[in-house]
Structures are given as C-alpha cells and as structure tokens.
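This is the structure I have questions about; it appears just below.
Note that the chains are named A, B and C in the order they appear, and that numbering of residues resets to 1 at the start of each chain.
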Amino acid sequence: MRHDHLLTAKQLSRADIETVLDRAATFDDDPAAAGERHADELLALCFFEPSTRTKMSFETAAKRLGGDVVDMGSVESSSVKKGESLADTVRVVEGYADGIVLRHPKQGAAKMASEHVDVPVVNAGDGAGHHPSQTLLDLYTIREHAGLDDISIGIMGDLKYGRTVHSLAHALTNFDVHQHFVSPESLRLPRSVRYDLHEAGAQVQEHDSLDAVLPNLDVLYVTRIQRERFPDEDEYEAVAGEYSITPETLEDAKDDLAVMHPLPRVDEISAAVDETDNATYFEQAHNGVPVRMALLDLLLDDD
Amino acid sequence: MRHDHLLTAKQLSRADIETVLDRAATFDDDPAAAGERHADELLALCFFEPSTRTKMSFETAAKRLGGDVVDMGSVESSSVKKGESLADTVRVVEGYADGIVLRHPKQGAAKMASEHVDVPVVNAGDGAGHHPSQTLLDLYTIREHAGLDDISIGIMGDLKYGRTVHSLAHALTNFDVHQHFVSPESLRLPRSVRYDLHEAGAQVQEHDSLDAVLPNLDVLYVTRIQRERFPDEDEYEAVAGEYSITPETLEDAKDDLAVMHPLPRVDEISAAVDETDNATYFEQAHNGVPVRMALLDLLLDDD
Amino acid sequence: MRHDHLLTAKQLSRADIETVLDRAATFDDDPAAAGERHADELLALCFFEPSTRTKMSFETAAKRLGGDVVDMGSVESSSVKKGESLADTVRVVEGYADGIVLRHPKQGAAKMASEHVDVPVVNAGDGAGHHPSQTLLDLYTIREHAGLDDISIGIMGDLKYGRTVHSLAHALTNFDVHQHFVSPESLRLPRSVRYDLHEAGAQVQEHDSLDAVLPNLDVLYVTRIQRERFPDEDEYEAVAGEYSITPETLEDAKDDLAVMHPLPRVDEISAAVDETDNATYFEQAHNGVPVRMALLDLLLDDD
C-alpha cells in the first residue's frame, strides 16, 4: 500500500485492500507478533464527535502494536472552543504524534487536514463523508466468513443516509460480489450512489423485502433505520418492524449466513439472534482491532 | 482466589480476602517487583458515572503492572447516547481488552455485564449495589494499622444509604471484629443490613453518639452525611455538626486510633485532623493502588 | 536545576533556564535518546480547565521519556463536583503518580497544591497567575531563532491581561534583550508589570504602532486581542484590524524575523503568513514537547 493518508475507501485498489486484510489476518492469528512493531510511536486521537468503538479500537490497535496514543479529549475541553481552525489544530498536533486519527462532523475535514500536515492522517469519519477503516473491517469480516469472490450479500435498512453502506457497496465492486439492496421505498440508495456503483461495474439488485432474496445470501448486512428520518411515528414503526431480524426471519437463510451490523444496534436485530451461529456483528466489531493495527502498521511504516 | 469476576465483596471468603491483601502487601513493599507482570495486557475502563479516585487508581494499578488501559470516555462521548444496551457495549469492549472495570448507575449492572463476556469484569460501583475494591482497600488499611483480629471499629455517619459501609460491615464479619455503628436516628443501618450482619454472626452495637465508645476503638471509619438526605436544613446542620471529627474529638481516643474515610470528605473531618497521627484517610486512598494491582493480578492470571 | 516544583518562571535563574533549554535541545536533536529515561514513572494530569496543547504536549513529553500519564479527566467527571477541596484532591493523587501537572482557574492554586504533596508539582496555568512551561518554550524558540543575547523583540497585542506576556517579559530580563511593547492604549502593560520589569533592569519601550519598530526586530511575539475586553464592538474591530499581521505587514521586517504566537490564534495573524519563512508559531507549539520533556526530566530526577 503506497498512500500517505487514508481518507476514503475509494482511494484503495483491490490490491491495497488485500494488503490491509492480509496484514490484519497476520495480527489476528498471532497477536503477540505485533508486540513491539511500533514501540515509541504515538498516535494522536482527534475526535471532534463522540465515538466509542472507533476510538477505543484505534487506541487498542496502537497499543497492541507497542505504541501509545495522545488524546485531544472532547471538544468541550479543547482549544476548539476558543475558535481555533481545524487546520491550526492539526498543525499543532502533528508536532506531538507520528500519525493522526481524525473524526470530524464536517465532510472533507480529513482531506483538508491531510493537506496541512506531514504525518499520516486516518479519516475516522467526516460527517456524511467517509469512514474507510469501517469499510475495511467490514470487508475483512466478509472475507473471513464467505470469501470475497462469487458471493451474494444483502444490504438492508437505511440505504439512503447510511455512509457505511455507500462505502462498503463501492468497495465491494472491486470483488466478484452480487449486491442485493433491501429497503423501504423512502430509504433507497441515492441516485448518485446507484450511478456510482453502476459505473464501477457492480452487480446490483434492489428489493422491497428480504423474503425473496434471503435464501441466496451468504452475508446479510443490516443497518439502523433512524426514527428521525420519518415524519410520522406510525410509518416508522411499520418500517422498523418489517426490516428487523429475528431467529424466525433466519429460518429460510443458509445455515452459514453471516449477519453483520456496524453497531450500535437498537431494534434492527433482536437479542435472540445473538445466540445463533449467524450472529457476526460482535466479531465484526472486534475485527476493528486487527484491521486498524494493519492500517496503522502500513501507514506508519510509510513515513 | 478462584473467581472469574469481582462483583461483590460478599463473594469473597476470608481466604480470598487474605490472598488479595497479602498480594497487595507484596506490591506495596516492592513496587518495582510488579513491573512487567502484565505487559501487553489492556484493561478497559468503562465508567458510566463520574469518578476520580477509583478510575485513576485502577489506571495507575494497570500501568504499575506493566499493562495499559483503554478508556471508554464519558457517557456523553459514547455510543450509549445512541441507545446502545450495556450488554452490547461490553460485548464490543471485550474484543478490545483483557479485562473490564465497570462503573454504572444501575444496581446489578456489573453482574449482568459479566454474564455476557468472557473476560474478567471488576465491579467499580453499581449504583446502590456494590463496590468491592473499595471494601478491599478498606480492609487492607485496617489490617495495616490494627490487624483484623480482636479489634474494635467505629463506623460513623450515614449508615442508611452508605453502600461503602454496608459492604465493609459485611466483609468484617469474616474476622474477629467488634463493630460499633454511630449515627443519628434517621440514618441508622437499614433493617436488611442489620439482619444480614446478624446472620453472618457479626458482633454489632449501635450508638447515637461517639462519646461513650470512642476510647475503645482501634479504627474510626467516618462517612459523609449528605445534605440532600434531610428535608430540613437546620436538622442537617445540627446532625452534621455533631458527627464531625476535630482534634478535640480525638482527645479521648487511643493514641493509635486510625481515622478512615472513603473520601471525598466535605466537613465530616476538619482539616486540623490531617496533621494528627490518627489521619489515615489519604493513606487509605493511596492503598487503592496496591490493592487494585493485586486484584487485577489475580483476575488476569485466571483467564 | 534545584527545585522541587515548577510554579512560576520567576523562580528560575538564568542558569536554571539555560539548564532546561540545553536539556530540551538534547532531546530535540536526538528524540530516541530519551527513550527509557523515565520508564515506569507516572505523571498525573490534573486539568481543572480546558486545554489542548498544554495537556497533549505534557502527555507526549511523559511518553517520549518512556513514562506514562494518569489523567484526572474533566472536572465534570471528577470528585470536584462533590465539593472536594483542591488540597484533598492533590493529596489523593500524589499516591498515584510520581509528579503532578496542574491547571486550575484560581491564581495560586499550584503553589497551594505544592505545599500539600511530596511529589513535584508543575504549574500548567493558574488563572491570571503563571504558566512557566509556556515561558520556557517561548524562550527556547527565541533562542533557536535569534539567540538570547543582543536581540530586539516586539511583543504585541493584549499586554494588559496576557499572563503569557507578563511571564515572558520578566524572564527576558535575565538576558540581553530589548523589549518593545506594542498595543492599543487600552491594553497596555499594567503598571505593576512595568514596575516589575523596571526593577529587574529590563530594556523596555512602549509603542502604539508596530510600524516604527518593526524593521529592528529579531522576534515578533503576537498575542490575541479578545473581543470581550471591549465594551464597544466597533472599537474592537478597529483595534483588531490594526494589530493583526499579514504578509504585507512583514515587508518592512528583517528577512529572518521570527513571528511567534502562543496559539490559539483567531485573526491576529492571517493564514497567508503561514507560508512565509517568518511563521514560527507552529514550531513554537511543537517545542512544547522537548521543553516539557526537559522539565519533567529535571524535576523527576530531583525526587
């Protein structure tokens, strides 16, 4: 992988992706091997928005590599309140650390930041923009369970606003994957994303209901349908009920269907599914560690 | 000690307690000995409620053992705000760390969490429930100053709501300790706790005033009387004044009486007492480190 | 350097300052040399007020020395909310760490804290009081760019309320430095500071405008003029405009003029200045790391 920064999954070729996933698999197989690869290296965590799993797993990844982190803390406790620009903040922070992980509410923030500093910047979410390490851990999880060639994946829920879904769908066009999008009419893929997938040569179908397509799926990727998206509470309840997964839903699925979710979930997947062999979402969250270790390993090696 | 989790002091036998205190004494005597016992181990700190000393001393303990921590951060900066269940949060977090320290406002939270994960869970306070590492550091401090056999301890202040006091009193029933409870009528031990102590064979007496019993005490454990407990401000002032400790109060005490307090204190112990040899509360707070090192050492060894 | 604590820059002799700056230069030249100088040492970070760069650079400094930190977290998540005194908090914290870095809104807080503990206390800002590590990194930056003998420095902006400026001006009296103070009438140096500098034998001149003095300066230290200081918005706008730096402003300056700023800046220095060779403020912020490493190295060695 020959990149200075990781800003979007789109910048990654199939070879890049496979380099990251292979490296992650190495760390996954033998965590101790990573031990001192990045001793004395510091990673700055600049989270301008709340996060649990992304921040904790980057911190874990840095530490599992023998390095450490320096945390900017919450925006409330930072100079940002004094009106400092993001460009200034990251230019200061690059003096403290060997790399910067940035989450920021404004789309394009990570790209802008990367133009002001000489250390690697990892985009850990820029508003409606990108969150490439999420995409990579999704791909890693899919590859572990079903491989990335000649598979069928269902992607269900809020396909309109879900940044995670758009990135994943695009990244999957690098592989031989049939993508089935399942959502209510009002939450379908935006036209721009559909066009984008088409351009990339994706094999895509859209569905109103999971029923017809479920038996063919190797992976079912569920996302949250947010109450706020619906003007009418009753409409939300109806949709949420129809697009939620229970053990009964899974009766028609392949035995080894992997059910994924970027978490946090609310009601989209019932707790009873947790006990099934299909439940893959916690493992998926855990995969954030080896995948982010691989990313940091590759980016920090690059400087 | 043969436990997977530490949820309540009640789960600990006398032998368990002595194992922890003995190990703590080893770390206390020779801090350097602990140096690399848990290198490469990560402890997740999940504090759903504010804390200074508990959180800092667990962090210190992990680091003094050669390990490190991964901090969930405050609830405001976490996925909890998005409605994630505690069970989901800890199942994600177990993928990041080798153990979890959990503080949560809901009673029973730590026990519930422990049922969902395969890494050790340490209860660092679950609302009105338990806070066993506090009890262990209290026992350690008492043992260092007076031993745990054939001693008399006074426990004073808010005995009705004080979770710390209930746990300590119960734990002391494992030893040959006379317990004297001193409180205003309205803040006496709850009936259930009194019954519990009776069942455990405790040697217990209750008093309205410290005067009569003070000269016999080896240890005086003071707790805070909270203003909020009193409907009437005047009543609070009267009680708070009567149950606060000054150097004059201590004139009738044994020279080597150890005055303890779980901290933070407000007016229960006057600053002038800090200068006396009786003041043991800061040492007690500091004992949180070796005791928590011992706990982590024993629990992390177990997995 | 023979001090137990670092409370104010005024406590430091010229020899003390040079000891710190020389040590910092060593760390700057060869960061790896610091690697394990303070392995197993823990620094407590007690920030009772928000901070980004000071806190992050102390954390970085401790970690670059091989040590680690224990963070009190924000005041909202601490026992301070329960009414604990600062004296009690630091007496507890000294049991966790080998040194304490303290920022507190009350002037005199660090000095008071230092009287209650046996570990070194570093004042990282006490309200309108002192912030000596800022002064030291300012001196380090000036020395790197212009030396500290026979130079002219302009100090511009809010000279009335700027704690940073008062400390720096006083510290510069240890060296052969001509100080030119440039500010609007309403934000001139307080009489007490002027008297203080006079007593210390400073070579001082005051100016309304930068124009006349700029061509002679080796260093220009700019500070923020805060909107809140002005009763009238128009007056603020006029002053802010006149005392802000652009590439045009610098046309009459020496080619190697170093423009400094304690940051965060808002409009005092235009972004276009960042591209000039004069811009020294980010490097100045980065110097916080080697200077704080030197400080910690000297103070932790002393115990």
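Methods note: a contact is a pair of C-beta atoms (placed from the backbone, for glycine too) under 8 Å apart; a residue touches a chain by one contact, two chains touch by 3 or more.
The UniProt protein names, listed by chain, are A, B, C = Aspartate carbamoyltransferase.
Worth saying up front: this structure is predicted, and the values here are computed from it rather than measured.
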| item | value |
| --- | --- |
| Same or different residue numbers at the chain A/chain C copy interface, by half rule | different |
| Angle of the C-alpha superposing rotation, chain B to chain C, to the nearest 5 degrees | 120 |
| Whole-Å gap separating chain A and chain C, where each centre is the average of the chain's CA atoms | 40 |
| Interface hub residues of chain A, defined as touching at least two other chains | 68, 74 |
| Touching residues on chain A, where the partner in the complex is chain C | 40, 42, 44, 68, 70-74, 76-84, 87-89, 91-97 |
| Contact footprint of chain C on chain B as seen in their complex | 32, 35, 47, 50-53, 55-57, 59-60, 63-64, 68, 74, 263-266, 271, 282-283, 285-286, 288-289 |
